Structure formats: structure tokens, C-alpha cells
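Multiple structures follow.
The two complexes that follow have subunit A in common; it is paired with subunit B in the first and with subunit C in the second.
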Partner chain A sequence: MVAGLKRALRKHNAFILSLPALFWLLVFFITPLLLVLVLSFMSRDITGRGTLPFTFEQYERVFTTFRPVFVSSINIALISTVVCLLIGYPLAFYIKTRRSDAVRNLALFLVILPFWTNFLVRTYAWRVILGQSGPVNTTLLSLGLVDEPVIFLNTQFAVIVGMVYTFLPFMVLPIYASVERFDFRQVEAARDLGANDWHTFWRVVLPQTMPGVVAGCILVFIPAIGAFITPDLLGGRDGFMIGNLITRQYKGTGNVPLGAAASMVLMGAVMLSLLVYIRFTARQER
Partner chain B sequence: MSDVKVQLVKTVKEFPGRRGEDAVRAVDSINLTIYDGEFFALLGPSGCGKTTTLRLIAGFEQPTSGDVIIDGEQMAGVPAFHRPVNTVFQDYALFPHMTVMQNVMFGLKMAGVDRREAERRAASALELVGLPNIRKRRPRELSGGQQQRVALARALVKKPSVLLLDEPLGALDLKLRRRMQIELKAMQAELGITFIFVTHDQEEAMTMANRIAVMDQGHILQIGRPDEIYETPRTRFVADFIGETNFLQGRLLHTEDRVGVVDIGDDVSIPAIMPERHAARAGDDVTVAIRPERIAIQGMDVPASADDSRVMVRGRVTEAYYIGTDTRYVVRVASASLTVRVQNTDYQRGMGFKPQQAVYVLWEKHNARLLVD
Partner chain C sequence: MADDVLTRHVSHEDDGRAVDRARMRRGLWMQRGGQASFNALSWAGFLFLWLPIFILIFYSFNDSRQLNEFRGFTLQWYQNIFDNVAGSNVQFSTGLMMQAFRNSLMVSLTATIIATIIGTMVALSLARGRFPGRRYIDSLLFLPVVIPEITQGVSLAMFFQLVFEFMRRVDGVAWNYGFTTIIIGHVAFNISYVAIVVRARLANMNPRLEEAAYDLGANGWQTFWRITFPQILPGVMAGALLAFTLSLDDYVVTFFNNGPGSTTLPIFVYGMLKTTVTPEINAISTLMLVLSAVIVVFSLVMQRNLMGHR
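Take a look at the complex of A and B:
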């Protein structure tokens, strides 16, 4: 009897050991997810909560009335990701190619330094920087580049600036990791074989640092598309994003089923793009 | 010999020193002329500037001063990808994200060769290096020897005018290394491409090269055919680096007809050939070099047989080692110890000389050479 139990234990070792983790996932991830899924098919009652009957109405509204919000959110997230990439890629190379260890470490430290301050504080700081009488406008005015203060705040531009600032480390660090692994003698090998700078970059350097680029883009795009604090503080009406739409439905007398539907669509879109990425890289591996 | 292929004229490469350190002269005013179709070896100890010299020719480094000339053209300002040379790198530097075939085709693609033609040429290059069947594999799935061959094919497929090889066999085990030496040599003879080959292994350089340049601390000490370098080393460094040598310290008594007579102490004096442009005069301290295998040992019971061409000195065996092909003796002669290598053309137990035995050591006169320190 005891021996049999032991054998069974050994046989299902992996499963038994993962039980706590599975339990955790079930309670804190799967269950809420299912609740949201069910909610997203419900109707709204007068207080904004979900109620029967089941309906597709919420999804319909997400895809019609709120379509512009999705489009502009994807836009903002994409632009932020691309800008992060354009800054982060050369930055990672710049850091990696410094001769002195001290400079390299200092640069990496500076990249993650912002994490040491509260996110809200940093975002509020941008309100000051970009404000009517902030340093940017003061400089532009004193240089005579503009005649009156430029309105940066409460625009998509401000949201993009804030997101790039916030998420840049998520782009730089994975790229740095793959640049670190890159063998710079390959550049010489390519040039030796007749490749100019352009070809060397496209055919040798980029393909080998691609894992870092992809990881960086995912790490920036996913939080960017769901962001709600940055657009809330910097974007105003112009920079309104899916995240704001969702929070608004859950707060006060919103429309919880609508928020749930928007969440599901957002999650679906993210998962879809991840799937595409996995398929893409799996094919490359072969 | 035929046309000049590569020429370095007073070429200097200086690297700035890091904080507080002096600048490093990796290559210090080198003059070098390499001819078309030669198999040329750059030989020297670690850090002597071999790789830097190669990189100057390839175009990865620009000389601090002096010239690099390939096919009669000044290479200053010509980028690596426009030079008619290709390199087999020390650790191959294959592209890990490409298959073997893609690696070999890379250079052809860059030259705008169309796909079909490139495939044909790459396939024949792989055949040439003996790897026809691994086209689809990635570099990390290959053995060291296979990677080495792919690197060779990748460079050769470009049909370079000069092929630079930086210790290409360094990572291979001894047996494979020997085989590749012979294959490379045969390939070079067949293709007629000029090879410039860097190694710190003197045996490898001797086996493969038509000519060898011996380098030390950024300088070229001597250039010559393998036999020239071995038989007539000019400096103590060269004699020591190439093969094994006995050095005898002594005082030059007098010179006559490029033969110096050197007092090596204990009233023993021996003649030694003086290299050209040797500046030593009577009374100077000098070094004489003799190769161990050029010395013979004779028992005292055999009648002495010194003559005009042969030198014979009394000595005493201090050590004897049987090492299979040879027996090595250390013989005390005057105040010096001479290593002597005697080939074991026959063997019986108990034969040979024993420690403490008094013997004659003798050699043909021209085998003892005066060196420049």
C-alpha cells in the first residue's frame, strides 16, 4: 500500500510538484480571467454593473463606437515602440563599445536609474517639463524658434514622449544583452568578404541581434498599448487610450461589461501578435 | 622570383596605451616583400605583432606611418571590402545565423554574382576543401576541423589575389593539424594564390612555407627560405626560436676569411663561421651556435680524427637520455654544456655512452656559427 503510493508519487512527481503553482494560477489568473470573459457578454444595469441577459452588444460597441480609440492606441504604442527602438538600438551599441568598464557600467546604471523614482512622480515631472512655461517652451521662446508657447500637454505627442521615456530601459536592456553576445569580429569577416557598412549591418549585425530587438519590442509594445496612467496625465482627450477607456468603465457609474469586452479584445490582440511572433521565429530557427 | 604581390614599406602600427601606459608599437618599421604565388609564413612568439601585420594588409588597421602596397597599388584609404585579399580568421568568425552554404555564398552575393552561379561556385569551393555534404548545417553543428574548412572555402570562393591565414590550424588537434598542413600546402600550389600564413609554430612554418619571416617585438629579424633560417640564423633569437641550439659564450681571438676563432675557456678554442655584416672584432665577447644533431660523439678509444674541415674537442658526458628515435647527451666541454643528439640507427641493450665517460665531440666546421646578439 505504502510502496504503491510511493511509486505513484514518483511517477507523477512533476505534476505533484507543480500543484502549488497550478493552484496559484487557477485562483489568481484563470478565475478572474473567466469572470471578465463572462462579464464581457453581459448587459449593463443602471449602476453600470453586469447583468443578464447575455449579449454581444459590448463587443459590437467596442468594434464600432470605440474603434477610433483602439486605432489611436495601437498607433501610439507602435510609434512609441519604434522610437524606443531607434533610440535604444544605437544606445545599446554605444554602451557596449565603450572601452572602459567603468563608463559601460555607469551608462547601464543611468539607463535603469529612473526606476529608482516613483513612476507617478516622473510622469508629473513631464507635465512640468512640457508645460506652457516649462523648460522646453522657455528654451524655444528664448531661442526665437517660436513666438508663443507650444502646446505639448494633452496631446498624443506628450503621451509618446512619456511612454518612450518610461519604457526605454525595457528596449535597451534586452538589446544590450544580445549585443553583448555578438562577436564583433564578424563585422571584420563581413567586410573582408566584400560587404560594405550597409550590408554588414543588415545581413550580419541585425540578424544576430534580432532576438534582443524582438524581445525589446514586445516588452515595450505590450505595456504601452495597455497604458493608462501616462495617457491620463499627459494625453488629455487627444491622447485617450484603451487603458483609459477600460478604467473609466470600472470606475464610478461606467459600464463594466463594456470594460470587460474592451479588455478581452486588447488581450486577444496582444496574444495574436505574440502568436505571430512565435510562428515567425520558429520558422527562422529551422 | 616573379612579380611582387604585397609590399610593406617602413610600416609602423602604434596602439595608444591605456591610461598611464606607454603606446604599444605592435609593428615597428617593417619592410617586407612578398611575391606572387608564394607561401609566406610570419613566424614569431605570442604578441610579436603577427596578427597586427596581417590586419594591416587586410585593411582592418591603418598604419601609423609607412605604406602597404598590394599589386603595385597604395592601400592607404582603401577599405577592407575593396582589397583583393581575403582572410581565414584565427577562430574562423563564421556567421552563426547562416548555413554552411550561405556562409560560403556570402562573399559572392556581396560581389553581385547571381544566385545560380554563386551556388555553383560555393558548391565547388566546398568540394575543394573536402566538405561536399554539409551545406545545410549551421556552424555550431560542425567540428573544429569542419569549421576550419568552411572558413577556408568562404575565403577561397572569392578567388582572392592574396589569402591571409591567421593561425588557422591553431584550434585543431595535432594529427588533424598535420593533415591540414599538407592539404593546405597542396591546395596553395594548385590554386597558385599567394598565401600569407601566421603561426607561432616553427615546425608548421618550416613544413609549409616557401619563405619565412621571423618576428619579435614588432620587428622582422630575418627573412629567408626554411633551410636558410635554420642553417644560417643571424641572431640568437632566431637560432633559439627555430629548432634547438647550443649556445657557447666566448671571446673572439682573431678572424680570418669570415671564420672567427673563439676561445670558449679552459684553453679550448673553436672556429665559427661569421655571418655577413658581422661587426665583432678580436677581443669581443661573442656567441657561437651549434645544432645538437650536427654534433657527433666518439669514444676515446677510437683514433682521433680532426682535420681541416672537422672540429674535435674533448669532453665528458654528464647526462644521457634514451628517447626512442634519438639518444640525447649532455656533454661538458670546457665551461659549457653541449646538448648532442645521436640518432639511434641501431639498438642493443647497454650500448651508447654513459655519464662520466670521457669522449670526443666533433662537428663539421661550417656548423658552428657566430651570432649577432
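Take a look at the complex of A and C:
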């Protein structure tokens, strides 16, 4: 009976331990989100802030006037995800197939360390690299491949390069985790059964590492679509994304309800891609 | 008859072996070619990850204000940082930068401590408790990880604006954005990261140990400090380190919620990047890279030691 009482007390204690987090997240996370949701249905007053009456005007504008911004943001995020996958997948395999532990750890370290260094500084480095007189243009000019410096900066291309660079570790690490669990004897088995390399890859390796691939894609796509710094530093007018649109409404003269509507649509897009992910993993488990 | 069968069989096998060998040789060549291109691709991947870092370090020693060409080696830009005079550049001030750095450390440390305590508590609660609504708290914890940072930053700023407005009307107090608002925002997203990392650690822990402690008469507090905490300590440390890094590097949430006098390092650096690009930035960046490399190596060593002691 005493043990039972203790256990009951422990259960009670367990809930109490959740309270601070519950409080913090409800007050400083959920309430603000609900506030923005309400704000997104309001009209704009002269100063750019929200006012009554309630209207669908902001959402209408998001889906008409600002549709190109959303389309190009989704494009940039998708392309960045695909490029990350194309670079990250072989990289994860490369790390896994190193023979000695030391080399494998070093390779992992080499992938993670840039991720630990300041994000702004790394993005800024691409401004230097892709600049008119940066190393890329200097090389191209001296090789005679181009006659005048190529304009890389302030294009969607620069944004994609910056995104791929920033989010590559997010792709490599989950894929590495699933590659690590993969039993390489299965490759031998497939070979023995007469499968060629291509078949072995498509039928054996890829399906088994798919959870890592999907997780990596989600981890890259979600921050990429809501990115603000990378397009701001590298994209200019051509690489203008949702994040820039939202920020512009809040800082300086803007339209706060419009920004609210845009951030709600962005959140919706992210939730939708997550739902697809959850569906996918649920099907995998079945 | 029997001989015939035997020879035929042998010759057939021989044939098969030759074909096999040819296929193997071709396969080996293909494999080697594939291996080489695969390795080259991977090396390119590593190069891609490190190129910007090398470039920054390279230019931080370049004796030219322009980035056009390499004019020779200099320590001038490092000198400027430590001398607190930035030559002809008015934008840059080491004093301001160091102030921003101190602000950053203060914000990150405070946010990390609060988030680590709250995050560890909720992780324990979810891993050990069986109360209704547990699953909702679980899902709630994942939201800050998946909801775009910009949405979080914007909504929190709107929330504070409303609170300030309310306080002004009710109390006549003029509150403003500052360290408090930044820290609150950082804690809000860091709780989740800490909780997720600690939970992963708790999942690997044997709950029988705690039960044994209870059975031996230890109370909840004793059990926690003597049994649970030492076991989850590496997880707590990893969570705290993650929270600290995220907080130290955060730009977006800070950008929307900072006020006069609460400039953090990312905000300061961003301001510099948006206005004038000076060689001093390269030098600062290099120093920051070295600093984070040192932190990473230090944390790895510490983690290894902790694991070793276990």
C-alpha cells in the first residue's frame, strides 16, 4: 500500500514537472501564434498595424499579388533540397565506408564543424566567393571561360548555393544514421542473387536508407522555405523569398496583418510537408 | 559413360569460371571507376563545406582593403580589432563589438540555464509519468522545432507589443523590447531541443534502477540526484550545449525582439555585413571560427571523458 501511494505520488510529481514547460510554451509560443492568426484576418490601419474589421483581404493578396514570391520560395527550397540530397547521399556513404574509426570520426567532424561556426559569417563568405572579383570569377576569367565577370550575387542561384551550403549537414547526418544501420551483407546477397549495381542500389540500398533520406529532405526543406538571412544576404531582388516579405511588413513601414497572413501561409506549407512526412513514415512502419 | 559425364561437367564448370572471371574483372574495373568517381564526389562535397572557411581565413591576412587581389600577408586587420581603431573605417568599432559579444554571452547563458532546467524537467515528466494529456505535451514540444523561426519571431514580437500596450494603458509603465524579451524567445525554442535530447538519453536508461532505489527506501529527491541525474548528465550536457549554440547563433528571433541597448553579436555582425564590407570582418570571422572550433573540440573531449567515467 505504501508502495502504491509512493507510485501515485510519483505520477503526480511527473505531471508537476511538466508544468513550467507547459506554461512557457503556452504563454510565449502558442498564444503569440494565435494572436498572429487573429491579426492575419484584420485590416491595415494608416500606420500599417492591424485594425478592425475582420477581412480575408490579406490572404487574398498573399495568394494573388504575392503568389510569385511563394512560388519562387517553394522552387528555391525544393531545388536546394534536391541538390543537398545529391551531394549528401554519397557523402554519407563515403563516411560510413571508411575503414578506420579515426578516419570516420574525422570525416563526421569535418561535416559537423562548419555547422557549428557562425551562420552569418559562413553566408557572408559566399558573398566574397561569388562576388564580381571573387575567386570563382577570377578563376573563370583567367581560364578564359568568360570574357567578363559573371554576376552570381543577388540571383536565385546564389541563394540556392547558400542554402545548400547551410543545410547540407542536416541532410548528411540523418542519412548517415540510416546508412549506419544498413547491413552491407545485403549488398553481397543481392550481388550473389545476380543483381547488378543499379538494381542493388534501387531495390536494396535505397529502400532501406529511405527513412534517412526523407528525414533529411524534411530537415532541409522546412528551414529553407522560411529562410530569411540567406536570401537577404545573397539573393537581392531576384532571390526575394517569403521570409523577406514577412520581415518587410514588420520592420519599417509595412502591413502587419499582411505579414501575419504570409507567416500563417508559410506555417501551413510547413505543416503540410510534415503531414506528408508523417504519412510516409507511418506507411513505412506498417 | 561416367567419365564422359565427369569431363563434360568439369569442362562446363571451367567455362563458367572463365566467364565468371571475365565478369569479375569487368565488374572490378567498373567498381574501381565507380569508386574513384564516388571518392572524387565526396571530396568535392568536403571541399564545398570548407571552401568558405578557407576563403575567409585567406582574406583575413590579405594586405588590401579591396577583395580584388592578394597583395601579400598582413596582420593589420587583427591589429585593428585589438587596438580598437579601425583605420579609415568609421563603421567598425571593437568596443561596440565586444559589448555585443558580452550581451550575446549573457543572453545565451541565461537562456541556456533556464531552458536546460525546464527542458530536463519536462523530459523526465514525459518519460516517467503516465498522466492524461501526456501526448499533447509531447506534440507541443515538437512545434517549436518545426514551425519556421520567422513565424516564431514575428508572433512573439506581436505578443510583446500587445503586452506593452496593455501595461502602458493600465499601469502607465513604458516597457520595451530588450534582454528579457530576447531571453524569453530563446528559452521558448530551446526547451524543446533540450527536452528532445534528454528524452533520447532517458529512453536508453534502465527504469529498474530507479525502482530499485525506491524499493531501497530512497525518496524521489534522493533517487533523482543519486541515480537518475548522473545517468542522464551526458544528455543534459549535450542538450545544454545545443541550446547554447542555437541561442548564440540566433538571428531571426533576436532580430524581431531586441530593443535599444540589447544588440547581440549576430545582430551586430549582420548590421556590419549589410552596410560596409571591411577586411576587419574577415578577421573577426576567422577569430569566431577558431573560437567555435575550440568549443567543439573542448565539448567532444569533455563528452568523451564523461562517457569514460561512466
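The rule is simple: the second predicted complex is superposed on the first by the 268 of 286 C-alpha atoms of A that agree within 3 Å, B and C clash if a C-alpha of one lies under 4 Å from a C-alpha of the other, contacts with A are read in each partner's own complex, and residues count from 1 in each chain.
Basically, a residue touches a chain if its C-beta (ideal position, glycine included) is under 8 Å from a C-beta of that chain, and two chains touch if they have at least 3 such contacts.
What you see is a predicted model; the values in this text were computed from it and never measured.
Asker: Please work out whether A:274 is in contact with subunit B alone, subunit C alone, both, or neither, and reply first, second, both or neither.
Answerer: The answer is second: A:274 touches subunit C but not subunit B.
Asker: Give one of first, second, both or neither to describe whether A:159 is in contact with subunit B, with subunit C, with both, or with none.
Answerer: neither
Asker: Could you look at A:246 and tell me whether it touches subunit B, subunit C, both or neither (first, second, both, neither)?
Answerer: In the superposed model, A:246 contacts subunit C only, not subunit B.
Asker: Quick one: is A:207 in contact with subunit B, with subunit C, with both, or with neither? Answer first, second, both or neither.
Answerer: First partner only, subunit B.
Asker: Touch check for A:199: first (subunit B), second (subunit C), both, or neither?
Answerer: A:199: touches subunit B, not subunit C.
Asker: With the two structures laid over each other on chain A, which partner does A:31 touch: subunit B (first), subunit C (second), both, or neither?
Answerer: In the superposition, A:31 touches subunit C alone.
Asker: Just checking: does A:190 make contact with subunit B only, subunit C only, both, or neither of them? Give me first, second, both or neither.
Answerer: After superposition on chain A, A:190 lies in contact with subunit B alone.
Asker: Quick check on the superposed pair: does A:266 touch subunit B, subunit C, both, or neither? Answer first, second, both or neither.
Answerer: After superposition on chain A, A:266 lies in contact with subunit C alone.
Asker: In the superposed arrangement, does subunit B or subunit C reach more residues of subunit A?
Answerer: C
Asker: Taking the contacts subunit A makes with subunit B in one complex and with subunit C in the other, which residues are shared?
Answerer: The overlap between the subunit B and subunit C interfaces on subunit A is empty, containing no residue.
Asker: In the complex of these two chains, what residues of subunit A are touching subunit C?
Answerer: The touching residues are 3, 6, 9-11, 13-18, 20-22, 24-25, 28-33, 35-36, 39, 87-88, 90-91, 93-94, 107, 109-114, 116-122, 124-129, 131, 133-135, 165, 168-169, 197, 222-223, 225-226, 228-229, 233, 242-243, 246-247, 250, 256, 259-260, 263-264, 266-267, 270-271, 274.
Asker: What residues on subunit A touch subunit B, complex-wise?
Answerer: Touching subunit B from subunit A are residues 99, 183, 185-186, 188-196, 199, 203-204, 207-208.
Asker: Which residues of subunit B touch subunit A once you look at their complex with the stated criterion?
Answerer: Answer in residue numbers: 18, 58-60, 79-82, 85-87, 89, 91, 93-97, 106-107, 110-111, 154-155, 158.
Asker: Give the list of subunit C residues in touch with subunit A in this complex.
Answerer: Subunit C residues touching subunit A: 30-31, 34, 38-39, 41-42, 45-46, 48-53, 55-56, 59, 66-69, 117-119, 121-122, 124-126, 128-131, 137, 140-141, 143-144, 146-152, 154-159, 162, 184-185, 187-188, 191, 195, 214-215, 220, 245, 249, 251-252, 255-256, 266, 269-270, 273-274, 277, 281-282, 285, 288-289, 292-293, 295-296, 300.
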